[in-house]
C-alpha cells in the first residue's frame, strides 16, 4: 500500500517543477521592477543586469535560508541548529495540510469548498473550549480535543452540504457567507464570559491546559510537534478514503459524473452532505491541531489566511492527498522563508503570495508551459475541475 | 599613480566604516538592539504598529538603540516564530505590539531571562516582561468634552473598527467626557454610537472595509452628529474624507497627530486624541539603555504625557478660547488625580 | 382548479409561507409587543421639496400599520395566484411591510433617518451592482467569473495611482476600466484560449491581484504616498429638480459621476441583452454555443469580447472605492465585495434587473444593520453584522432555490469536441 | 455541380473517420448518403459545413475550389444543414432562433417584424404551421425540425444537408418530410440526405452513396434492391431478424398504475399511465422521441422526482423509494445515454463495472473495496460480453460506442434481476453491436425476465417485442401485438387510435 502511495509522484513531477521555476522567474521581475534604485540603473544595461541578478539571487537565497537550512545559524550554534528553519516550515505546513486536504477532498466530489476558513475556525473554537475548560489525563484529553475540532468543523461544513442537497444553494456562495459569519462569530464568542481570561477583557481565550497540548518532538526551541504524525496519518486516511473505500468511490463517482452516479443508485445529496461533513471535519481537525500544537490560546485571528491558502495548496497538489502534502510543504517553506526575505533584503513578504498564485496558475495551464518550454506531450495535468453553477 | 591614490582612499574609507561599526561593540553596555514584533495589521497601518515602530526609530536617533528591526505577522501563527527570529538575531529588547502577542512574548520572556521584553497594550510578567498600557479614556474624555462643547446639533458620534478593549476604552472615555460636559453645563448633548450603560456601540466589523466606514460616517451625519470620533485605525481617513466633502461634520483624529498622519484632513479635524505609543516605546528603550529596565508596567497617562490631546494648529483660533481653557483645566485636574474619568 | 402543476404548487406554498410569517410577525411585533415609545422616521436630507420632514408613530401602532400592508401584499399575491398571473408584486409588498414593521418594533424610541437609510443602502450597493454586472456579462456568455473581487481591487488600486500621479480624477476614472480589463484579459486568455477550469482560474486571479496590490502598496504607495496615493475623490453632482424629489431625489440624483454611469450601464445592459443583436448572440453562446457557431457566430471571440467588456464594467466599480469615495487606496479595501456581487448575480437569477435588486437588497440589509446599531438598538455588534450574510444564505437557499444558470456557463467551447 | 468533394480524409487519433471520400451532388438532386452508425457520415457533413477541418481533400462549390473554415463560410457558399442534434436554443423563441446570426437591426436593436413575416411566409408555403413567438422547448421535436429547415432556407441554401432527419419522426411525419424534400428539389435545391434507413432512401433519393468505415464503397441508384444496399452498407449479409424463443409469459412482474410524471418546470410529461409486463415478455414502448417514454423509464428506477401513482415490482410498491433500492429490488437499467448516464468516462472499465454494486459483497467488505475481486469481475465480464479493450484499467472514454454499451449491459445484466429496462439500447450502434444487444435481451427473455424496451426504431420494436404500447404526449394510445402493421403503428404514434 505504501509503495502505491508514491506511484505517480514521478510521473506528475515535471509540470509542478516547471511551474515553480517560471513563477519564481516572474516573481524576480516584479522584485526588480519595484526597486527604484535598480530601475534607476536602466540606462547602463550591464550594471542593471548584475544588480538585478544579485537582488533576485539574494531574495531567493534568503527564502531558502529562512525555510530549509540556515548556514549562519549552523555556524553559530552547530550543524543541527541549521535545520531550525525546516522545523518551522513543517510546523507552518501542518495546518495548511489539513485545510488543503479538506479542500482537495471536496474537489474530488465536484464541490468547491471555499469555507475551509470558517470550518477551521470552528474546529479551533471546539478544541479551545474542551482544552481549557476540562482537566483530564493527556491520553484522553488530546483525543477529546481533536474530536471536538472534527465535530464542530464537520457540522459547520456539513451544513453547507445539507443546504446544497436540500435546496440547491450553491456551496461557493454559502461558504463565502459562512466565512464572514464565522469570523464575526468568533469575535463575539471571545467576549462572552465563558471565553474570557480571568481579570482580562482582551478577546483572547485562556490557554488550553497542558494536558491538552501536543507534545514537542525535538525539544529545545524546535517547535515541531506531534501534529505532524496526525497530519501524515490523515493524509494517508484521505488517500485510503478516496482510492480504497466504498465511500470514496461514491465521492469520486459523483465528482466525475453525477448523472451516471445517480443512475447507478448513488445518492448525490448524501454524497454532497457527507463530503462537506468530512471536508469540514478535516479543516476543523486542522484548527484543533493548530491550536493545541502551537497556539494554545484562541484568538479571532487564529486561522490567519490558512483557509484561503489551503485552496491554493489543494490546487497546487491537483487535489490528490500526496500532492496536497507536497503543496503544503512548499507553501510552508515559502511563508517561513518570507520572514527572512523581509528581514534580510527588505523585500515585502507579499511577493510570496504572488509567487504562490503564479505557480498554481501555471499548473492549471499545462498548455501554456508546453508552449513556453516547447515541450511535446510530456506534461499531463490531472483533470481537476470545479463544477459550475448547474453542476 | 592615480590608481594608487584610489586604493588608499578606499582602504581609508573601509577602515573608517569598520571603526564606526566596531566602536559600539567595544562599549558593550550601551549596545542595544531593539526589535519590534508587529501585529497582523502591518507596518503601514497608520496606527499602533506604525507608531510603535516610530518609537524605536526615535530611540535609534536618540542613541538609545544601536540598531532596530521589525517583523510583520501574516497571521497569529507568526508571532512566536517572529520572536524566535529576533532571539536568534541577538536582540536585547524585544517589543511585541498588541495584546495578541502576549502569550508568545511571555513564553519567550520566561525562556530567555537575559533578554528584555515589552508588550504594547499588554501586561507585565516576571522580571523581564514590561507591559505598556495607556489610559486613553483620559484623553478621550477630554476630546469628548471638547466635542460636546463644539457641537451645534447637540449630537456627537463615535464608532469603532472591532469591539476590542483598546478600542472601546476610547469610546467609553469619549462618551463619559460628553456626559461630564452635560453635567457641568446642564446641556443634553447626545452621544451616538456608544452606550456607556450597555457597553454596546457601532462597529464596522473590520479595520479595512472602507465602503462600510464611509457609509457609517454618512449615517452618523444623517443622525445629526456633527463631530465624529472614529476609532478604527486607517478608516478614520475615510470619515475625514467624507467630512471634507459633506461639510456636515468634523472629525477627531486618533492615535497620532493629524498633522503627522493625515495632513490633508486638518481642515476638518479640530483635535487629535494621542496615544503615545512612540513615547512609550521610547521610554522603555531609554530605561533599558540606562540599565534601569524593570517589569513595572508603563502606564501612559495625561500626567506622564503618555496620552494627550492636540488641538490642530489651524483650529486654535476657531475653537472658542474659553472651551480650550476649560479642557486645559480639566486635563490638569485629571493629571493631578482630582477627577477620575471613570466616576466623573 | 382541479390539479395544480408544480409552479402553481410552489406559488401556493409561498403564499402559505407568507401567511405563516404574517402570523408570527403580527404576534411578535404587534400583539405581544409592549413597546409604546414612538419611533421617528426622518425623510429630509438636503434641500429637496418637503412633503413631511418627520413622521412619529407609536412603535406598536406603526408595526400594526405595516403588518396591514403586509397582509395587503398577501392578498395581492392570492389574487395573482387565482388569476394565474404573477405573484411577485404581492410578495414584494409583503416583504416591505414586514421589514418596516420589524423596524418599528426594533427601533422603538429611536430616530431612523429613512431617506438616509436608503441612501446608505445605495452607497453600499453601488460596487456590488458594478461587480454583478461584470459577472453577468461573463456568465451570460458562458464564462464563470469568480474574479470579480480581483477586478474590483486591481482597478481601485490603479485608478488611485493614476489619479494621484496625474492629479486628475478623470484620468483615474479612465484608467479604472482599463485596469479591470487587464484582469479580465487573464481570465479570458486562460479560460477561453487554454480552457482552464474557470472557477479555479478566477480564484487564482483573486489571490494574484491581492498579492500584487499588497506588494506594490508596501513598496510604492506607502513610501511615496504623497505622489502615488493621494488621489482625491469626485464630488456629488446634484441633478437639478430631480434631486429635489422627496425621499428618492437625494438618494438617486445627488451622486457622483460614477453612480450616474452605473445607471446608464445597468439600463444599457438590460436593454441590450434582450433587445439587441449583441444581446441575442451573447445569450445564445451562453446557452448552446454550438448552435451559435453553426450559424456563423464566432463563439470564443464573442466570449472573449464580453469578458473584456465585463472587465471594463467592474473596473468602474473598482474606481468607486478610491476616487469615488475615499480618495486613497488601502490594502484589501474591497473587503469581499466581489464575492457578494457574485452572490447577488446568483440571487438575481442571472438577469440584470434581478442582480440589481439583489445588490440593493444586500445594501439595504447592511445599511439597516448600521442604522439600527447607530440608533442604539442594543444587540452585540458582531451578531448584527452577520445580518447581511445570513440574509444572503437564506435568500440563496430559500427564495431562489434551484436556479438555472445559463446552460453553457463554465463550459469551454471548442468545435468538434463533443 | 453545386457541390463536389474530392479526396476528403479525416482522422481522430487512431480512428480514420473519413478516408479519401469523393462525392458529387448535382443541382436539384436528392443525394442520399447511406451508412451505418459510426461509418463517418456525420464527420463528412461537419467538414462540409465547416464544423470540422479535413486533414486533406478539396471542396468545390459550383466548380470553384473553396475553403470552408467555419460555418459562416458554408452559409456564404449556400450550404445549409439540419443537424441530427438540433441547433436550436431551448429557451429562445422561434423567431429569435431563426434570427440568430442574421439579425437585422437598427442602432443595434433587432427588429423582429421582418423575420416574423418571412417565417410566416415560408411556413405557409410548406404548410408547417409555425408560431414565431413560441418557445422552442415547448415544441414537439417534429416541429423543431421544421424550424431547422426554415432556418436553413432563410439563408437561401442551394445545398441542404439533412443529417438523420427521420430518426425523430413518426412514419407519417417522415412521409411529410420526404414530400417537403421533393418540393425543395423541384425548386432547384440540392439535398444531401443522410440516413441508415433503406426504405426512405429508396423512396426519395436520386442517387445513393454508401459509406462504410470511412470509405465510399459504392454508388447506387434507388432501383437497387434492399439486400444489395444492406450488404454494401454492412459489408456482409445481415439478418436482423433474430431467432426468438417461443412466447410463454409468466405472471406479472411490473405493474404500473395511474402514473403521472412532472418535469422540473411543473409540466406533466406522463399522465395517468398504466402498464404491466409479465415474466418472459418484452413490452416495447413505441413513440416519437419526447413523448414521455424517457421519463417513464427513469421513473421506474425512481430517477424522476415528481410523480404520482403506483409502480409495483413483483407486487411490491417501489414508487418513491431510492434509485439504489429500486435497482436492488431487481431492476437492470440501461439508460438512454451511455455517455451521460451510463458510464463515468474518467473511471476505468473495472470501476464502471461495479458502479452500482461497489458497496455490496463481494465487491466490498466493511467499507473497503475488494480490489482483487473487482478486477477479477472485470476480467470475467469483459470476456463474457466481448468488450474490445486494450486493458481493463483503461478509461471508459477510450471505448467505442458499441463497447461502451457492452460495458453497461455487462454491469446491469450480471446482477440478479427480475426486470430489464432498456431505453434506446441500440441508438448510435453499428450493426454488429445491435445484433449483440438483441441477443442479450432475448436471452434475458428466455430466462423469464420481464423486459421493458423503449425504442424509437419501429423495425426494432416490431422485431423484438411481444407487445407494443404506443405512447403519445405522455399517454398510452393503445397496446397492440407485434404483428401490427407499420401504418397502424404510425397512426398511433401520431396520437390517432
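Chains here go by letter, A, B, C and D, matching the order in which they are written, and residues are numbered from 1 within each.
Quick note on the criterion: contacts are C-beta pairs under 8 Å (C-beta built on N, C-alpha and C of every residue); 3 or more make two chains touch, one makes a residue touch a chain.
Owing to the predicted nature of the structure, the values given are computational and were not obtained by experimental measurement.
S.K.: Using the contact definition stated above, find the chains touching both chain A and chain D.
M.R.: In this structure, the chains that contact chain D and also chain A are C.
S.K.: Quick one: which chain's Cα centre is the longest way from chain C's?
M.R.: Of all the other chains, the one whose centre lies farthest from chain C is D.
S.K.: Have a look at A-B versus C-D and report the one with more C-beta pairs in contact.
M.R.: Result: the pair with more contacts is C-D.
S.K.: Need the CA-centroid distance for the pair chain C / chain D, whole Å please.
M.R.: The separation of the two C-alpha centroids amounts to 45 Å.
S.K.: Between chain A and chain B, what's the gap in Å when you average each chain's C-alpha atoms?
M.R.: Measuring from centre to centre gives 34 Å for this pair.
S.K.: How many Å are there between the centre of chain A and the centre of chain C, using C-alpha atoms for each centre?
M.R.: The computed centroid separation for chain A versus chain C comes out at 32 Å.
S.K.: Roughly how far is chain B from chain D, going centre to centre by Cα mean, in whole Å?
M.R.: That pair's centroid distance is 75 Å.
S.K.: Can you list every residue of chain B that touches 2 or more other chains, as numbers and ranges?
M.R.: Expected reply: 163, 205.
S.K.: Would you pick out the residues of chain D that each touch at least 2 other chains?
M.R.: none
S.K.: Among all residues of chain C, which ones touch two or more of the remaining chains?
M.R.: 218, 380, 382, 385, 402, 407
S.K.: All pairs of touching chains?
M.R.: Touching chain pairs, listed by label, are A-B, A-C, A-D, B-C, C-D.
S.K.: For the complex, which residues does chain A have touching chain C?
M.R.: 30, 34-35, 112, 114, 163, 166-170, 172-174, 176-178, 180-181, 184-185, 187-188, 191, 308, 311-312, 315, 348, 350-358, 360-361, 364-365, 367-368, 384-391
S.K.: Would you mind writing out the residues of chain C in touch with chain A in their complex?
M.R.: 139, 144, 146, 190, 194-201, 203-205, 207-208, 210-212, 214-216, 218-220, 336, 339-340, 342-343, 346, 380, 382-383, 385-386, 389-390, 392-393, 396-398, 400-405, 407, 409-411
S.K.: Report the residues of chain C in contact with chain B in the complex, numbered from low to high.
M.R.: 42, 45, 111, 113, 115-117, 119-120, 123-124, 127, 217-218, 222, 230, 233, 235-236, 320-321, 325-328, 330-333, 335, 337, 366-367, 370-371, 373-376, 378-382, 385
S.K.: Which of the residues in chain C come into contact with chain D in the complex?
M.R.: Interface residues on the chain C side: 5-10, 271-272, 275-278, 280-281, 283-284, 287-288, 290-298, 402, 407, 415-416.
S.K.: Provide the residue numbers of chain B that touch chain C in the complex, in ascending order.
M.R.: By the definition above, chain B touches chain C via 42-44, 157, 159, 163, 192-193, 195, 198, 200-203, 205-206, 208-212, 214-216, 218-220, 222-224, 234, 237-238, 241, 245, 264.
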